[in-house]
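Supplied in structure tokens, the structure appears directly below.
Labels run A, B, C, D and E following the written order; every chain starts at residue 1.
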Amino acid sequence: MLAAHDVALAYAGRAVLDACSIEIAPGEALVLSGENGSGKTTLLRVLAGLERPDAGRLWFDGAPIEAGSFPRAVRRALQYVPTHPYLFSTSVRANLDYGLRAHRIDPDERRRRTNAAIEWARLQPVVDTPPQQLSAGEKQRIATARAWVLAPRVVLFDEPTSNLDRASRAQVVALISELCAGHTAVLIVAHDRELIELAGARRLNLAHGRVQAPDAHAEN
Amino acid sequence: MLAAHDVALAYAGRAVLDACSIEIAPGEALVLSGENGSGKTTLLRVLAGLERPDAGRLWFDGAPIEAGSFPRAVRRALQYVPTHPYLFSTSVRANLDYGLRAHRIDPDERRRRTNAAIEWARLQPVVDTPPQQLSAGEKQRIATARAWVLAPRVVLFDEPTSNLDRASRAQVVALISELCAGHTAVLIVAHDRELIELAGARRLNLAHGRVQAPDAHAEN
Amino acid sequence: FAQALKPGTERTATERTIRMATTTSTENSGLLGWLLPAFEQKYGYTVRVVSVGTGAALKIGANGDADLVLVHARAAEEQFVASGFGIDRRDVMFNDFVIVGPKTDPAGIRTAGSAAASLKSIVAMQQRFVSRGDDSGTHQMELALWRVAGGLSKWPGYLAAGRGMGEVLTMADELRGYTLTDRGTFSSMRSKLDLVVLVEGDRSLSNPYGIIAVNPVRHPHVNAQGARALMDWMTSPEGQRRIASFQIDGQSLFFPSATGPR
Amino acid sequence: MDLLEPTRDALYRLASLDPALWQIVAVSMRVSLIALALVTPLAVVTGFALAMYRFPGRRLLIVLLQSLLAFPTVVIGLLLYLLLSRRGPLGAWQLLFTQEAMIVGQVIIAFPIISAFTLAAVQAADPRLHETARLLGATELRAALSVLREVRFALIAAVTSGFGRVVSEVGCALMVGGNIAGLTRNIPTAIALETSKGAFTEGIALGIVLMVLALAVNVVLALTQGGGRGTPSIDAAWYRG
Amino acid sequence: MDLLEPTRDALYRLASLDPALWQIVAVSMRVSLIALALVTPLAVVTGFALAMYRFPGRRLLIVLLQSLLAFPTVVIGLLLYLLLSRRGPLGAWQLLFTQEAMIVGQVIIAFPIISAFTLAAVQAADPRLHETARLLGATELRAALSVLREVRFALIAAVTSGFGRVVSEVGCALMVGGNIAGLTRNIPTAIALETSKGAFTEGIALGIVLMVLALAVNVVLALTQGGGRGTPSIDAAWYRG
């Protein structure tokens, strides 16, 4: 569904990704781990179109993404939830609604989906708190819900459970299973322990700029 | 060593802490867990002097902290490492050095301790990267090292391992044991699973604005 | 639009408006406020006054951005006409220049006799003299006086201020110095100043004002008709009477000098 | 010199809707508010683009923009004069000595200040903001509007500064307006006139009238901005020394 | 009218160190740079305090500060004139029509603009910045300096704007300086003089000289600021539409 072949990216001369390849199939959950600074976040950003790789090629739905630009259609089908998500300083509800408006979904449907998201992420108690003042876990839950309402076909999660409590973590795990059941492809960057509950996921490791099958020793 | 008695704090009318009491002894490691939004971060901020409680009293070294102000001596003895630490946009080295300068430590000693911190947190590869562009785990490691160089007597960690890889996590766990061995008091907010390796720690849970011994069911 | 362009008895908005560029002295002294409403009422014109420095007023006229100019700088006026920018220059009024200074008169110019002698005395006593220094009519007059006095050799007390008459008077007052001023501006500001008139009546101190229409051949768009109407009125017995009757503190500031339409 | 008397008199005339004074005030307000309304979108877009997009010559443009702040308003007035004069290329438009010409001048004057402020504001904004908007499917336009909404506090400061600058400037207004009574005489040119007459106290009184009006405009702008974000700070008394 | 000729002439005189022109340039630079050096610390402290500390009347002070931006420089000049006039309270100091008086005027003019810019910059800074500094043991002063260092890009914009404002203002400089040749005549007052003489092109040429100098000052300031932080943005070509 979404793939990268031999992608390379360097920051100020320091190679972070180097002939890095990865592929996710519809309905698949893929857990990517790796040391701090190994380039996991960078790879997600490349896959999300936020960074243009220095070399290599991306593929979507079996077709190569040409060198010119990262197509709108791919972007629309894809959601990326960063480790420390940014919330607009409007309201919790407006944050959840933001993508729906951008996707020009009609108001009734938007209201329905926003309400569902508030319920799903258990945000009722904080729905009136200014978003910038929410707790770490609350922010992360809102960001996850904000991606979820858009019903993406590929989701890239960067350490999605790092600040979550037990219940929320279980919920994210359930969400991932649910997404996969609906043929969504899910790529999760995690320091493994976070998602030990996630059954049936394929595990990969990023080291020296490349993605590899993890050997027990290198596992993070 | 550091204690709070019946501390209360409300944000915009919503009570977050309510007659909350906690006490940490020298050489003790205390793991505090609780649901997202239960007030763990708020409690740490109160203990660090960053928020003034609406009611209740703080104690340090057996003496009450009077209502007027949070004493400089307590602040000097204490370090708080937030979940998403802020790094000054200078250099990695200047970040580690910042507190040492503020504490008026002499330059030779500062250089020695800064170098030790770079080594300890394995920061050599990123020592020239602009701090704002570091990876999540790298930032967290720098913030931990930045507190560590100041040799505090009380350390308040807010989810210190949430973005760390396996090796770094083990290192933080080792650091905590080391600190406790040196009679430092350590309070760690964590979603429990993160610090399962931490032996000999006392465990507490924050719920409904109060700190309680955890029952197996409510554990996060 | 077609209607507006059609010639007829009804004047269009542009034709009803007369734009006059003038020096600040005529506007600031209050003369135009006294004069123009009478004209406007009688002839149904609106006069828009742009009051700027002498040089700027002539420049605006030369560019065709005014219909007529009212200034006092004889040489520059003649140059303006000779260059073909203006036509029909007429004398309209005059006042005179005076040398003013502190009551104590440290240079003793009260008794110097002539204007040129006064200047010499100011130099000799190393007193302060504030010059307009801006190529205005007043400044030209000052330079002419210096020529009579044997040339200007600058001394530390000679301050070339490069500002308008009102400002220079204020500065001279502040610095307890001397300056050359037109009587109109001085009279209108006298209540605010400690300066007094020390030298007056010298024949060389006459300050004639001229009014010049902008050349409609050069600038076909100008309201030549309006300009002419205003000039005719200003130089008419009625206009001249009105100029003569303009007084501040019971004193006339300007004296009619029109010789009638040429 | 007694300042109280003329100030009280000016404020009294303001309050009692003295037509002569209000005529001047109205010119000031009309010209400056129209100029501001015209220039703000353009200046904000420029500041935003300079902050957000990398392109060749960007740094040069920023330095140029900052330098434009040092361009005297009278020189802007002179250039505009040459353009609008009957002899100038746009002479046929007959805009000289009109409020329209003053508006154009103020547009030019306000542009660099509002752009520079916007640039600083957008540059200081969280870089994740724009990215988040784009990721959630916003077009570049929608994302830009979202960024601007988040920095609205600073944008209001930008517009306020621009307003302060144009409503008080005299060089250009004199040059292209001509300070014609009842037509292009605004508060600053009226002050210049009073000053040249040596009527200092009247000038100051008019200045205070201008301040009062600016205060009113700023209070309105401050209110539209809601609470403002404000940097939450440690309780200074609690955490002192 | 030909602008090229007088501009080339003025720039040539600038380059050939024409003493008459450089005298004027030197007055401009000396007065404005001294004024800026004097006012910057004060204005930055004020902007910082208004951004960081909660105290009664804070909102009011911010609105007042913004309104001060609309205070015409000629009115500041008039007030200062009344103060320094020999009839005024400070008349004995004999400061009127000196460069010192011009400096004082420019200090007053630059203050609100630099404060307002600083306020916006500090308010936009990450709130964790100040807190982190304090937690690491910094005194309030050290923490404040750290915050200011982090927003240095915006601070340089603040100082640049202040410089642009004072170096080009004419109202106050004329009023308290007097535009005395060789003493208090700076570039803007010289421009005003040329303008009143009808020497419009010479005025514009001087304005261009001022621009060139401002450009030089801004380039220097831009270089001291290093790369500037800049908002990293998505590659616009890659992520377009």
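By definition in this document, a residue touches a chain if its C-beta (ideal position, glycine included) is under 8 Å from a C-beta of that chain, and two chains touch if they have at least 3 such contacts.
It should be emphasised that the depicted structure is a prediction, and the values quoted were computed from it without experimental measurement.
Looking at the partners of chain A and chain E together, the chains they share are B, D.
If chain B is disregarded, contacts among the remaining chains keep them together as one piece.
Chain centre most remote from that of chain D: B (centre = mean of CA atoms). Remark: among chain pairs A-D and B-D, A-D carries the greater number of C-beta contacts.
One inter-chain figure worth recording: chain D and chain E are separated by 16 Å, centre to centre, where each centre is the mean of the chain's CA atoms.
Chain B and chain C, compared by their mean Cα positions, are separated by 80 Å.
Chain B and chain E have centres, each the mean of its CA atoms, that are 44 Å apart. Computed from the mean C-alpha positions, the centre of chain C lies at a distance of 36 Å from the centre of chain D. Touching of two or more other chains is recorded for residues 52, 164, 167 of chain C.
Taken residue by residue, chain D touches two or more other chains at 87-88, 126, 131, 134, 139, 195, 229, 234, 239-241, whereas all remaining positions touch fewer. For chain A, residues that reach two or more other chains under the stated contact definition are 50, 75, 84. Across the assembly, chains come into contact as A-B, A-D, A-E, B-D, B-E, C-D, C-E, D-E.
Chain D contributes residues 1, 3, 51-54, 59, 62-64, 66-75, 78-79, 81-82, 87-88, 112-113, 116-117, 119-127, 130-131, 134, 139-140, 151, 153-154, 157, 160-161, 163-165, 167-171, 175, 187-188, 191-192, 195, 200, 203-204, 206-208, 210-211, 213-215, 217-219, 221-222, 228-234, 236, 239-241 to its touches with chain E in the complex.
Touching chain D in their complex are the following residues of chain C: 14, 19, 24, 27-28, 48-52, 63-65, 164, 166-167, 169-170, 188-189, 192-193, 219, 221.
The part of chain C that touches chain E in the complex is made up of residues 52-60, 133-136, 159-164, 167, 171, 174-175. On chain D, the positions that touch chain C within their shared complex are 85-88, 91, 94, 96-97, 174, 178-181, 183, 193, 195-199.
Those residues of chain A that touch chain D in the complex are listed here as 48, 50, 75-76, 79-80, 82, 84-86, 88-90, 98-99, 102-103, 132, 146, 150.
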